[in-house]
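Listed after this line are the structures, all set down as structure tokens.
Same chain, two partners: chain A is paired with chain B first, then with chain C.
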Partner chain A sequence: MLLSATVCHARSVPPLEGLEALRKGFGGISDFTAEISQEKRLSLMKRTMVMTGTVRFRKPDLFYMELNPPFSSRMLLRDSVIEQAGPGGGERNRIMLPPEQGLKRWIAKLADPVTSLPEGVGMHADLSGGLYTLTITPAGKGQVKALTISFLEDGTIRRLVISEQNGDRSVMTFKKLRRNVGLVDKDFRLE
Partner chain B sequence: MPPPTAPRIVSWVHNASCRHLEWIFRVTTTRPRLVMCAFLVALALSGISIATIRFDTDIFHLFPSQQPALRLLLDSLEWSGSAGEAYFLLEGDNRALPREAGRFAERLRQARVDGQPAFRRITWQVFDENQAGPFNNLMAYAVAHPQIFIAPGDVQRFSRHFETLEVDASLHRLQSGLAGQFGGAMTGLAAADPLFLRDLILPRLKAGSQALDLDPSSPYFLSRDGKVLIMIAEPARPVQDMIFARKLVAAINEARAGAAVSISCAGAHISAVLDEQAMKSNVLISIFSSLLVVLGIFYAAYRRLLPTLLIPVILACGVILALGTAGLFISSIHIISFAFTALITGIGTDYSIHLYDRFHSERAAGKNTEEALRLALLNTGHAVFTAAVTTALPFLALGVSDVRALSELGLLVGLGVVFSLYASLFFLPPLLIFMERRYPVVYRPIPSLGLRGVWRLATGRPGTITLLTLLLTSGLCWAAFRTSFDGELKNLQPRHSEAFLAQERIERHLSLSPKQMLVALEGTDLTDVLARAARVEELAGRLQARGEIMGWSSLGRIINGPAAQAEVSRLLRSRFADGTHVAQRVRMQLERQGFSAGAFSPFLDSIGRFGQAAPVNGEEAIARLAASPLRGIVDHHLVKDGKGYHALIYLHYRGDEFRQAAFLAELRAIDPASRATSLDLVSHQLAEAVEQSFIRAFLISGTLELFQLMAHFAERPTGIFYSLFPVIAGSASMLGAMVLAGMKLNFMNAMVLVTILGMGSDFGLYIRFRVCADAPDVREAQFVQIGRSVFLSALTTIVGFGSLAFTDYGAMSSIGWATNLGVGFTTLFALVTLPAVMALFASRHR
Partner chain C sequence: MTSFFRSLILLVPFLLLTACATLPRPGIDYQPGAAVETFSSAVSVSVQTSDRGMSGSGFMVYRRPDRLHLVILSPFGTTLMEAFALGDRITLVYPSRSTAYSGPVSELPVNGGLQGWSMMRWVMDVDLPGSGMLNGTVERKDSRGNPEKVTFENGLVTAKVSAAGDQVYYSGYTVVNGVPLASVIDMRTARNEQIRLVLSEPEVNTPLDDAALLPGLAGLTVLPLSAIQGM
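Up next is the complex of A and B:
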């Protein structure tokens, strides 16, 4: 009985509340850096890939990720354009996302209070000991099956899970997250 | 001995003209009601004929489509469908462009015409999630069939990708890529091509896929300078459906209302509707403004209301009867040709001026109504008749032109001139008789408008005036030799039309090169067509190597032709003779690096088949491309229709460094059945057609006009000189003045050289015809009377053409300016130089 009284159980909260919590928490963040560890389970690979690295983010549309060896690579998302550089900065790869999936657009959506759920997506929210877990499931036949983001009330992201239609799954865990450190343009360069 | 045939004909024509005018005088003065009834019947019949005429708006229909270059240009527009596409240019804050483009695209998708979607397709962004699968399929096919997609020179690099170290490096790169990817966007592509063979294929596909010069880093169709975002849409119905086109433009205007960025549009639908609107507005403004000014001039000079009000009736009759008669010969009239009937306002008023001025002058001189009318109709009327015929002939002679714009213009204006003359001859006498009975007035002398002073000056200093004329003409003649020809068709379009300006901006911001030539190889057998295209591609390669062209695109730049495929297949067979072993080794390397080799089975199987590589049927390769996101490349470069296959090669060039004549000769030697087109070639061939039309019309109208002048001046042959001198000197001066003003001849205003001959010869004719007395004071009075008519006629002609000069249409404006200069100089020489020449001749005779 004593134990059950101290364990924090996850309870469902209205999705709108979860989304608003994310919005509010994110509202106070202009940039952040963090260390990450990532686990990727891909149909092309026999074993789960485990990797570490760092990420940087700056509003409204910059996201940078650098992975450590043996999978060393760097990735820069500038709104809807992803640039990837291989080991040693060798081959560059550029991928263009659909404009409506651009980072700026998502961040802009977080600028105003959320009064209704976005159309075309399913949403589920849990709250457990101050940790929100928001699961977004886009409708339609897109590549992403579900996106789960876990975050604290102050906007600190803890975990990001991307599940795909083909069974592939990535789990990214954030550590040592530092907010509003004053990141500048040179922190978002692939060179 | 009977007189020779020519003089007999001349004499017969002269007498017939006089008898004809006498008949008109008789019938109009004795049976006016019958005349009115006959005219009403003719107008009713014309109305029926006009109802059968179709008014055409397609600009390309103005030019002779049997010209090879224009024919191919029209074919290619039809094939590519670009003739029917609508282009939207979004300009403004480049951060706002994507957002506004998204909004606008959504509004266009929602736009409806008659309850149906207005557009079939709207494209404005590079990415389309639905295309990822087909793209991966194409890559899987391409790496399995390198003989189609790898250039022969790249086979060595291709085979190096399969060396042990290279495979390891590629797989390491793949691992990093998969680890670093956000989501699983590249998983499908990785399975299709784990060794990055696409590095040899994609640059080639990319180079061949660009029809516009776009920013490669942008997910939108954005110009490299980031200033313009282009959206391409396919309207639901063809441009020929003008009712749909008008509703479409209304829907577009609604969709772009309130946008935060500037949105302009181009394309056939928009151009047709906006040009039609611009044309209608231009024509209406021209007609009404020139009519108002012409009526104002007439009333100011003669102060009689009813004759002034008769002028619009005469002009309307001229236009209606001309259109009705033209409808008997042609089933459709282009709207631009129709616009030129505005010229009748200026020319058609001349006859009323001459007839009424003579009548009024004679009445003021004391003649009774019948005598004044007889002199006006039979004496001045004879000159008017000859002048109208000499004016109409050059216009009608243009009817033989192959260029539709010119033939219809000539026919309509020529007939309009003739019918305006007859309307003047038939309507004016009954009206004047009616006025005399109903509203009798005391006729006072009409102001001389300064012409008495002109006569005295010219006859007082004939030598000086003649010398000054010669100096002026010589100077302008010298300048005229520097006349140049402007072959740019776009300069004939409305200069401020939205469609025209948007098209210009597309060329400035998004064109791969300033100019483009299209070469078509056609036939029923695809393999043969592609093989022939490959020979032209070799030639294009040499041109690029020599720096004559900036680049070129064709299907052969993307997929190999039969010969190149055979070569690549031979090399693959020799390098992958043990392909099964290579596949086995790659499989082991995949396993060793932690990959699940089973996921790569199709790729590994294809390696095993490289040892038996053989050329692939062209149709299969093209079908694969057509099923991928690169379908546009196929559509752009290969067309199949009822006549067979058309392989299209585009050569991009800057200007004169591309020696087109030499290229075309070489092309004919390689493939005599090939066709080529470019705007330069179209302009060149049109210039030739216009030149031929010009020479033909000049010879026909010149001969007939000379004959008519000989008939008119049968008893006074010097009249031919008097008629022709002002117009010849005026035409040369017109060309010289155009050079000095920086104006050039073009396809349309070149014809003014023909028509000015007819219009300008009238002035000298009238003066020589009328100024015939021996007594100096009578000669002066005669000059003042006819000079005033000539001056007012020239003024109304200038007003008629002047209204064109200020229109937005380059074609009409250039004609307006050229004619105004020509008429202006001709009037100057007729009113100032001719009296001086007369005085010189008179002093010699004395």
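Up next is the complex of A and C:
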């Protein structure tokens, strides 16, 4: 009886409702930190890579990720510019994303209520025990086959799954997520 | 970048050759007759040249004698690039562009990386464990007749320096299934370009599907290696 009482079955909700829940929940977050576990399952190999680390995010356009050994690396995304530093910090890699892929642009989209689904993508939403799961499937044959994000109503992200056309799958699980902790500029430096 | 991946692909067989020792050596227990037939490992790579650096994590698998599949991941875990090598032929796959480049390694754009190519051939050209000295440094001619200085420890090559100033260091030897394996390789060219390769959780001689070594090119635009630009 206890088991049956605690099991929550996912029910489908309108995709628009799921998207709006994400927007509203995220609207209440100015920054967050979290521990992450990233699993990469390679379809053609019978092994899974597991990486752990921490992430920090601050609106409107800063995202920092640090991976623990043996995959030590640090990455800073500042709007559309990615900077990476390897172990020891000696090497730097700088990647410029197209402006339309910049973080600021996407965060800005969250300012307005969602009234219609984006064109060119499929969308599915579930709700289970307060946990929304939103699956986005871009049209066409691009690299990403599906993007699935699981989050609570308050915007707390639990899991991010990226499925690729080649069958590979990357799962990023967020733990100990702390919202609105007052992150400052020095929290987003690679030095 | 292409020279880097070319270097890496050439380097891996060397890593495996060092695992072919058949004699017990102080500090490391070899399994007599042990040889690498297949190999898989998570890998961390970093490259530093005079004007740029890059680092990343990934995965690679190898099958004797000359088949390799290397995956480089983006920070978010998606596949950034894959390299498949079979003998002298290489295929580079860039999923985000739905494009693959394929052809003989000799057709890779050099872009100043010719020296690196020469170094990689030299890096691969080493004594098998047990066939050289046990401990010490020897000055000699390499297989091409060029002077080199080679350092051995416990019967395993730990460093080489060429007359031109290229250097390579092999460290972090570990025994996997009775086979010695250099898990850290540091290379420095005479032009001060540095490449570091660190293996993590390697598995040796475990079953490997053929599919893990063949590029899946369905739906991709396949171009010759000479078409690579701006890597």
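The rule is simple: the second predicted complex is superposed on the first by the 180 of 191 C-alpha atoms of A that agree within 3 Å, B and C clash if a C-alpha of one lies under 4 Å from a C-alpha of the other, contacts with A are read in each partner's own complex, and residues count from 1 in each chain.
Keep this in mind: contacts are C-beta pairs under 8 Å (C-beta built on N, C-alpha and C of every residue); 3 or more make two chains touch, one makes a residue touch a chain.
Here the structure is a predicted model, which means the values were calculated and not measured.
Applying the stated contact rule after C-alpha superposition, one finds that A:47 touches each of chain B and chain C.
Contacts of A:162 after superposition: both chain B and chain C are touched. In the superposed pair of complexes, A:150 makes contact with neither chain B nor chain C.
Within the superposed three-chain model, A:133 lies out of touch with both chain B and chain C [touch as defined at top].
Shared-chain residue A:80: touches chain B; no touch with chain C.
Contacts of A:93 after superposition on the shared chain: both chain B and chain C are touched.
Taken together, the two complexes place residues 38, 40, 42, 44-47, 49, 51, 65, 67, 70-73, 75, 82, 84, 86-87, 90-91, 93, 142-144, 162, 164, 166, 168, 170 of chain A in contact with chain B and also with chain C. Chain A meets chain B in the complex at residues 38, 40, 42-47, 49, 51, 65, 67, 70-75, 77, 80-82, 84, 86-87, 90-91, 93-100, 102, 142-144, 162, 164, 166, 168, 170.
On the chain B side of its complex with chain A, the touching residues are 98, 102, 125-129, 132, 172-173, 175-187, 190-191, 196, 217-220, 591, 594-596, 599-600. Contacts from chain C toward chain A in the complex involve residues 40, 42, 44, 46-48, 52-57, 59, 61, 69, 71, 73, 75-79, 95-96, 98, 198, 200-201, 203, 209, 211-212, 216, 219. Listed in rising order, the residues of chain A touching chain C in the complex are 38-40, 42, 44-47, 49, 51, 65, 67, 70-73, 75, 82, 84-87, 90-93, 141-144, 162, 164-166, 168, 170-172.
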